[in-house]
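Take a look at these structures.
In what follows, subunit A forms one complex with subunit B and a second complex with subunit C.
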Partner chain A sequence: MAAHLSYGRVNLNILREAARKELREFLDKCAGSKAIVWDEYLTGPFGLIAQYSLLKEHEVEKMFTLKSGRLPSADVKNIIFFVRPRLELMDIIAENVFSEDKMHSARDFHILFVPRRSMLCEQRLKEQGVLASFINIDEYILDLIPYDGDLLSMEYESAFRECYLENDQTSLYHTAKGLMTLQALYGTIPQIYGKGECARHVANMMLRMKREFAGIQNQILPVFDTLLLLDRNVDLLTPLATQLTYEGLIDEIYGITNGYVKLPPEKFAQKKQGEGSKDLPTEPKKLQLNSAEELYAEIRDKNFNAVGAALSKKAKIISAAFEERHNAKTVGEIKQFVSQLPHMQAARSSLANHTSIAELIKDITTSEAFFDNLTVEQEFMTGVDTDKVNTYIEDCIAQKDPLIKILRLVCMQSVCNNGLKQKVFDYYKREILQTYGYEHMLTLNNLEKGGLLKPQSSSRNNYPTIRKTLKLWMEDANEQNPNDISYVYSGYAPLSIRLTQVLARPGWRSIEEVLKMLPGPHFEERQQLPAGLHKKRQQGENRTTLVFFLGGVSYAEIAALRFLSQMEDSGMEYIIATTKLLNGTTWIKSLMDRPESQTP
Partner chain B sequence: YYVTASYREKRLDSRLSVLQSAVDEYNKAKNEFSAKATEEEMRLLRFQRKLDDEKGAGLLGLSLQATMEALLASGLNKQAEQLYRDFRVPDKRYWWLKLKSLAEKEEWEELEKF
Partner chain C sequence: MMKSKADEEEYWNSSKFKAFTFDDDDDEFSQLKESKRAVNSIRPLVEEDDDEDDVEKVSWSGEPVGSIAWSVRETAASNQRTDREPTFPKINTDTTTISKSNSGYSLSSLFKGKSRGGTFQSLTDTLSDSSVRLYAPELRKPKSEYKDYVSDWSPEETVQRMQQGKAVSLEKFRSRQDKLLLLDSAVSAHDGNVITAVLIFLKRTLSKEVLFGELESRETALRHLIQYLTETRDNRTLLELLRSLGRMEDVALLQYKEHLSISDENKRRDFLKSCLSLPFSAEDSAHVQDHYTLLERQIIIEATDRQAERGGKVEIFQKFPRRASILNMPLVTTLYYCCFYHYTEPEGMYSSPLNIRQTFKIPEKQYFVTALSARAKLKAWSDVDALFTSRNWLGFTRKKSPLNFQRVVDILQKNSAPTQVLKDYVALVDDADVRIGLAQKYKCHDIVINTYRDLKDRQLLLGYRGKVERGSVEERKIDELLSNLQMRWKN
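Our next item is the complex of A and B:
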C-alpha cells in the first residue's frame, strides 16, 4: 500500500503500520457508526497514515471540517473530534456540542487529541460546561510522520518560532518523544551527536526518558548507528537561499504540502482532447510526489539544469520500449510485451507530467528577475559587498516586490556578514517600514530575535572563515554529474550538510574552531546497549545515521544528504527527520506577525 | 505589547495614545530606532487623517509609500512632495514612484521634463 516507504535502508513502513494500528484501536473503542470532525490542519498529515478506505472499514461514514456553529447533520451514533490541543479549537468544539444537544441527544461524543492531550484544553472544556458530554478523551501520538523512504517530518509549523522567539520547548518535548517511539521500534541508537541549544535539550530529555524506563531493556537490534541533532539556527543561511534542485524549485515556486503539489491547470489541459475544449479544468492539478514514482525518484534531487537531459533520455528509452512491439513475433513475446504495458503507460504519463512541470519551472528560471535575484544571493554567499546597502534590494523595495522576497535577501546579507552595520541595518528597516507599512515592525523584531537579521555587534565577521574552512563555496560545481553536494545550490554547499559530512569523516574534532563560532554547544553522548545487541558489522556494510533538523529542513538539503548516501566511498547512509519541511518563503512567513484587524 | 495593542484599537485617537505609550516604552528600553519609527508612524497617521478630513482621500492605514502613490495618482503632488521631505524618503525610491505614477497617467510631457 505504501510501498515507497519500505524500499529504503530503514523500513519506515513499520512506523506507519504502528501508527495505523493505534488509530484502528481507537476507532474500535467507539462502537457503531461514526462521523469525524477534523481540525483542518491535520487532514494532510493524516492522509499519509490512513486513507479514507481504512476509516471506512471502521464505520466512519461522514467527515466534516471543524468550524464554529452547528454541525452538519449526519445519521451516526458517534461524533469524534480529531484536533490539535489548542484552546481556540476547544471553544469551537464546545459550540458544536451545545448546538447539537438541543436537537437530539442520542449521540456519543469523543475527542482525540493529536499528538497529545492537554490539561489546559480539558480545563477549558470544563469551563465551557461540555467536558462531561465526552465519553472518550484520548490522545493519538503522532510525532514523526513518514513522508518517504528516507524522510520523516513532524509537520510542526511553528517549531522554529516557538524555540527561538518564544522560548517554548513544547516542540522539543514532542521531538524527544518521537525519537523514543522510533527507538522502541528500531532499537536504541548507540551514539548521539548534536550541535545547538535545542539539540542539547532534546538529547537531555531523551536520556532522562530512558532512565525513567530503566527497567525495560530494549531487545531490538539497533537499525540506526548514529543520531545527529542539528539546530536550525546553526545554519540560518541555507534555507534562505533559493533551492536549485528539481524538487526544491517545485517547492519554491508552487509549494509542496504533505507530499502534494498543486499546479496551474493550463499546461495539463490539452491531454484530454476527447472531452472537447469547452471545459478546461479550472481546478489546480494536484500531484503526489514521492519516490514511488520511478521517474520522479530519479530526477527530484538533480540540479534543475540537469533535469532536461534526464527527461529526454527517459523519453528515448520509453519510445524505444514501445517500438519493441514491432519486433515481437511469437505469441510469447507479444504476451510479455502486453504484460509490460501498464507499467510503460504509467511511465509515459509520469514523463508527460514532469515534462510539463519542468517547462513551467523553466519559464521562471530563465526570467530576468530570477537570474538577478540569484546573482545577488551568490554575491552574498561569496562575500561580495555584504557590508553595503545593496542596490538590487533597494530597487526591489522601490518597486514594491513581495515583502518576503525582500526579507529573504536582507536576512541573507545579514547572515553572510555576521550582522549588518548599524547604518545599513537601520536604512533597510526604515525602507521596509515606509514602503510596506509600520505594522511590519513586529516582523522585523521577530527576525532580529531569531538572529536572522541583526546589527553587527563585534567588528569581526566570521562568515568568511567558516566558508573557507567548511568549503561552503565551490567554484566549479558540476551540475550534470555532481561530485560534491554544492551542486544543489549551484555552488553553495549547505553548511548543515557539511557539518554532517565532516562528522562522518574525519570527525568534528578537526573543525573545533568553526564549531565554536557557530551558536550553541556541540556534544556527544553514548547510550548503553544491552549485551549481545552489539552489531557485528560485515566488511563494506554501510553505517546508518539519522539526521534530525530541529526547526526545519529544505528539500535541497535533503537532496544533498541523499547524494552523500549514494556516494560509494562515504560508507554512510542517511535518514532524515525534521520538525517541518520548509523553504525560505514558508520559513519567513512562519516568523511574521500580521496584526489581524486594520483600522477601517 | 503596545504596538500589537494599537492595531486592535479601532478608533484613531485611542490608537495614537497607545502608540505614544509604545514610544515611551521603547525610550525606556533605549531602543532608539523603534521609538523613532513609531513616532513616524504616528505622524503619518495624523497626516492621513487631516487629508482624509479635508479631501476624503481614504488614506488611513496605508503605508507611507502607498500614501504617496495615492496622492500622486489623485494629483495631489504638493502633499506627496511634502511627505517625501518630511519623512526623508530616499531620492531613488521617490523618483521610481513618481515616474511610475506619471507613466500610469500618461503625462508624457511631465515625464520629458526629468
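Our next item is the complex of A and C:
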C-alpha cells in the first residue's frame, strides 16, 4: 500500500510502520469491540498511516464523525475519541458523554489526542465534569507524517502564525520531538545547520533533549549526514509567487490536501463509443497524487510548459506497447502480452487523467488574467517599480477580485521592496478597507506582525543586493531542459533553495553578507557519534541532507530540491520535511483574522 | 542598477512571457491533443469494466475503498439504516501490509518514558502508569493529600515530569521567587503546554499586578498567557494585561474585534462608537471613525429603503428589487448601492452618492468606476455619458476620464452595453492597436475603418472589407475610401 515510501534514498516506510505499531498498541489497550469518533480533520492525515482494515483487525466496528448532540447508537464496548487538542472539540465531547449517560451507560470512553495531550483541554473536560468518565487519556504522536519517498509533513497548519504572530513555540517543540523520533529511527544526524530564530530554538531543544537521553547511545548507523533548519520568515517571498511546476499549479488552482486533489468532473467523464450523452457526474473527481504513480512521478516537478511534451512522449510509448499485440503470434507471445495488460491499462488511465488535468490547467495558464498577474509578480521579483502604487493591483481592487489575491500581490511588493513606502502602504490599506470592509484592519495588522506587509523603516531596501548575490533572477531559465532551479518559477530561483544549494557548495561562508541581511541568526552545530558509527563513504557516494522548513514549504520549492538531488554533479540528496505543505493562498488564509462566528 | 525604461520594455516583450502564451498552435496544445488522441484510441481496445483489477479500488467519490475517510462515511451511513442489522462495511483488506509489519520500534517507547528492555531506565523512574495519568496539576486538593508525592523536585525536574505527563504538585512553589523560577524553566523547555500549565497556576496564586509586572520582561511567557486568555475568551483579564503593559494599540484592536460578534446593527453601531476613543494609531483611528460613520449611515438608509420597497410606490425598487440589505457592506459596495438607487438625490441627503463621496473622501477614480458600473448596470446611458462630459469647461464637450478608456469599455461591456454606446468610448482609446483590437471585438466597424484610413493602410482596409457584411453601409464606405484618388496610401 505504501511501497512508494521505500523507493527513496531513505526508507520512510520505517517511520510509517512505527506509527502503525503505536496505533495498534493503543487500540489493544481498549479491550473489546470499539467505535471511533473522529475529529474530521484527522481522517486525512491518518489515512496516510493506516487504512480501515488495520482498525478493523483491532475490533473497531464503527466510525463516526465528531458532532454535537447524542452519539449514534452502536453496540460496542468502547467509544474512542480521536481528536486534536482543541477546546471547542472538548465541549462537543462533553456533550456527547453527557447525553450518553442518560441513555445507557455500559460503554467505556477513551480519548486519543493527536499529536499531543493538552493540559488546557483536560482542564476543560474537568470543568465540564466529564474528565473522570474517561478510562484512557492518551496521546498519539503523529508529528511527522510520511507523504512520499522524500517528503515528510507535520500538517500543522497554524505553525507559521503561532511562531511569528503569536510567538507561541509549541509547534517548534513538536518539531524538535519529531526530529528526535527521526534520529531514533535513522541515527543521529552529525551536522546541524540553521538560519532563523525558530531554527535556533529547534536546534537548542534537540541538543537539550539529546543531553537528557545521555547515556543511551543510539547505535544506528546515521542515514542523514546533515540537517538544515530554515525559518520560513527568512524567505517570505517564495510562497507568495505563483508556482509554475505541474504539481505546484495543481495545488495553486485546485488545492492538494493530504495527497488528494478534487477536480471538476466534466473532463473525466467516461465516454464510451456508441453511447450518447451520458449524465455527467456532478461530484468532483478525487485523485491521489504521489510517486507511486509512475507518470506522475515523472512530470510532477516539471515546469508546466514541459508537461505537454512529456505527456505526448508517454502517449507514443503506450500506443506502441498496445500495438505490440499484432506482433504476438504464438500462444506464448499472446500470453506474455496479456500478462502485461493490467500494467498497460494502469498506464493508460494515468495518462488519461493527467492529460485531462493538464488541459484544465492550460485553460487557466493561457488566460489573460493569469498572464497579467504573472507579469506583475515577475516585475516585483526583478525589482521593477516596487516603490510605487501598482496600477494592476489598483485595477484588481476596483474589480473586487478575491481579497487573498490582492493580499498576495501587495505582500509580494512589500517583501521585494523591504517594506512599502509609507504613502504607498497607506494607499493600499485604505483601498482594501474601503472595498472589502473595515474589519480587515485586523488581517492587515496580522500581516504586518508577520512581516509580510509593512511600511518601510528607515533602513534601505536590501532586496536588490540579496537578489544579485544569490542570483535569484535568471534571465534564461530553461523550462524544457532545466539547468538551474529557477525553472520552477520560470525565472525566479527560490531564495530558500538557493541557501540550501550554497550551503552544499561552496558553503555559507561565501555569502556571510547576505545571511546577515536576512532575519535571525545562522549557525552550525555538531552532534557526537559513538565510535564505530562514522560512515565510511565510498568514492562518489552522495551525501544526504534533511531540509526542514519551519513554517511551511511550497511544492515548487520541493521540486527545486528534487532537481538538485538529481543533478549529476551535486553530490547531495535531499529529503524534505516541513510543518505544513502550503501555497500563497493557503498561507495568507492562515494569517487572516476571521470573525469568531465563522470558525467551525 | 535599474534598467532604463526602454530597456525594460524590450525585456518584457522578450522571451520571458512567451513561456505562458502557448501561441504556437502546433506546439503544446497539439501535444496535449496528441496524448488525448492516443488515450482515446487505446480505449476501444481495452473495453473492460473500468480498471477493476489494476489499481486500488476507488469508491464513487474517488476515495480509495478502505480509506479512513471513506469508512467513516460508510459506517455512519450504515448506521442510519435502522431496518438493517448493523454490519461491517464492506472493505478490501490490506492484511499483507499488516503481517509484514514487524518493526520493533514504537514512537511511544522512545519518548513516553516507558521502559522497554531497560534502555530508558534512567528517566522512567518507575512510573506505575495508571491508565488515567493526571496531567493537569491538581490545584484545589488539600495539602495533606500530596503527601504521597515526592515533592522536592527542582523547577527543572518538575517541568520535565510535566512534559512526560506525570503527576506533579506545583503547590510547593510558594514564594514569588520559586514561582518565577518554575516559569523560567518551563519557558526554556519551549513546551507550550507546560508553559500554559504553569501560567494558570501563577495566575491563580499571584496577584495580577505582580504577575503582569513580571511578564513584562518575559516575552514568551507573556505571549502564552495572551494566547491562553484569548482562547478561553477571558477578554477582561486580557485587556487588563495589555493595558498594564502599555500595549495600547493591541488593546484597541482587540476591543475593536469584539464588534464582529455583535449581530444587532444598532448595538454594533453603539459599540463602534465606543471604540472611537480607543488608542488606535492615527491611520487606524481614521478608519474606525469611517467604519462607525458608515454603519450609522447604512442603518438610516436601510430603514428608509426597506419602507420604500414595501410601500411599492418607488419605481426603482419595484423594477430592481434589492437582493440584500445594505447593512455591514463595505464602503464601495454602499457607494455602488447609492449610485444605483439614489443617484439623483441632492447632496444634502445621507443616501446621495455625492454626500458619501464627500464624507468618506473617496478618490475621484474610485468614485468614477463605481458610478460608471452602477449606471451602466441600469443601462442609463445618458448618465454614463454625463459622467464624462460633466467636467467640460468653456462649453467643450470633449470626453474626459480619470480612467483609461480601455477600462471604461471593459466596464461598459461587462454590463452588456450595446455597440451603439460602446463605439463612442472605443473611439477614445488612445493606443491605435488597442483601439482596433477592441473595435474588432465589439464590431465597431466605423472605428476600424477610420483608424485604417488614418494609418493610410490600404492593405488592412482591403482585408477588413471581407469581414463586414455584403452590401452594408460599411462596405460602401470602404469602397468609397479605396476608390478615393485623393488618398495617399502607404501601401
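The rule we apply is simple: the second predicted complex is superposed on the first by the 584 of 600 C-alpha atoms of A that agree within 3 Å, B and C clash if a C-alpha of one lies under 4 Å from a C-alpha of the other, contacts with A are read in each partner's own complex, and residues count from 1 in each chain.
Heads up, the rule we're going with is that a residue touches a chain if its C-beta (ideal position, glycine included) is under 8 Å from a C-beta of that chain, and two chains touch if they have at least 3 such contacts.
Keep in mind the model is a prediction, meaning the values are calculated, not measured.
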item: Fit or clash between subunit C and subunit B when superposed on subunit A; value: clash
item: Comparison of subunit B and subunit C by subunit A residues contacted; value: C
item: Partner chain(s) touched by A:Asn481 [first = subunit B, second = subunit C, both, neither]; value: neither
item: Which superposed partner A:Asp426 touches (first subunit B, second subunit C, both, neither); value: both
item: First (subunit B), second (subunit C), both or neither touched by A:Ala398; value: both
item: Which of subunit B and subunit C A:Phe46 touches, first, second, both or neither; value: second
item: Touched partner set for A:Thr435, first subunit B, second subunit C, both or neither; value: both
item: Which of subunit B and subunit C A:Glu57 touches, first, second, both or neither; value: second
item: First (subunit B), second (subunit C), both or neither touched by A:Met180; value: second
item: On subunit A, positions contacted by subunit B and by subunit C; value: 395, 398, 400, 426, 429-431, 433-439, 441-442, 445, 593, 595-597
item: Subunit A-facing residues of subunit C, complex; value: 1-2, 8, 12, 15-17, 19-22, 27-29, 31-32, 34-39, 41-48, 50-51, 53-56, 60-64, 66-72, 75-76, 79, 86, 88-89, 91-95, 97-98, 101, 103, 105-108, 110-111, 119-120, 122-123, 131-133, 135-136, 160, 165, 189-194, 196-197, 200, 219-220, 223-224, 226-228, 231-232, 253, 256-257, 259-261, 283-284, 287-288, 290-291, 294, 328-332, 360, 362, 365-366, 369, 407
item: In the complex, subunit A residues that touch subunit B; value: 394-395, 397-400, 426, 429-431, 433-439, 441-442, 445, 593, 595-600
item: Subunit B - residues contacting subunit A, complex; value: 3-4, 7-10, 12, 15, 33-34, 37-38, 40-41, 44, 60-66, 87, 89-90, 92-93, 96-97
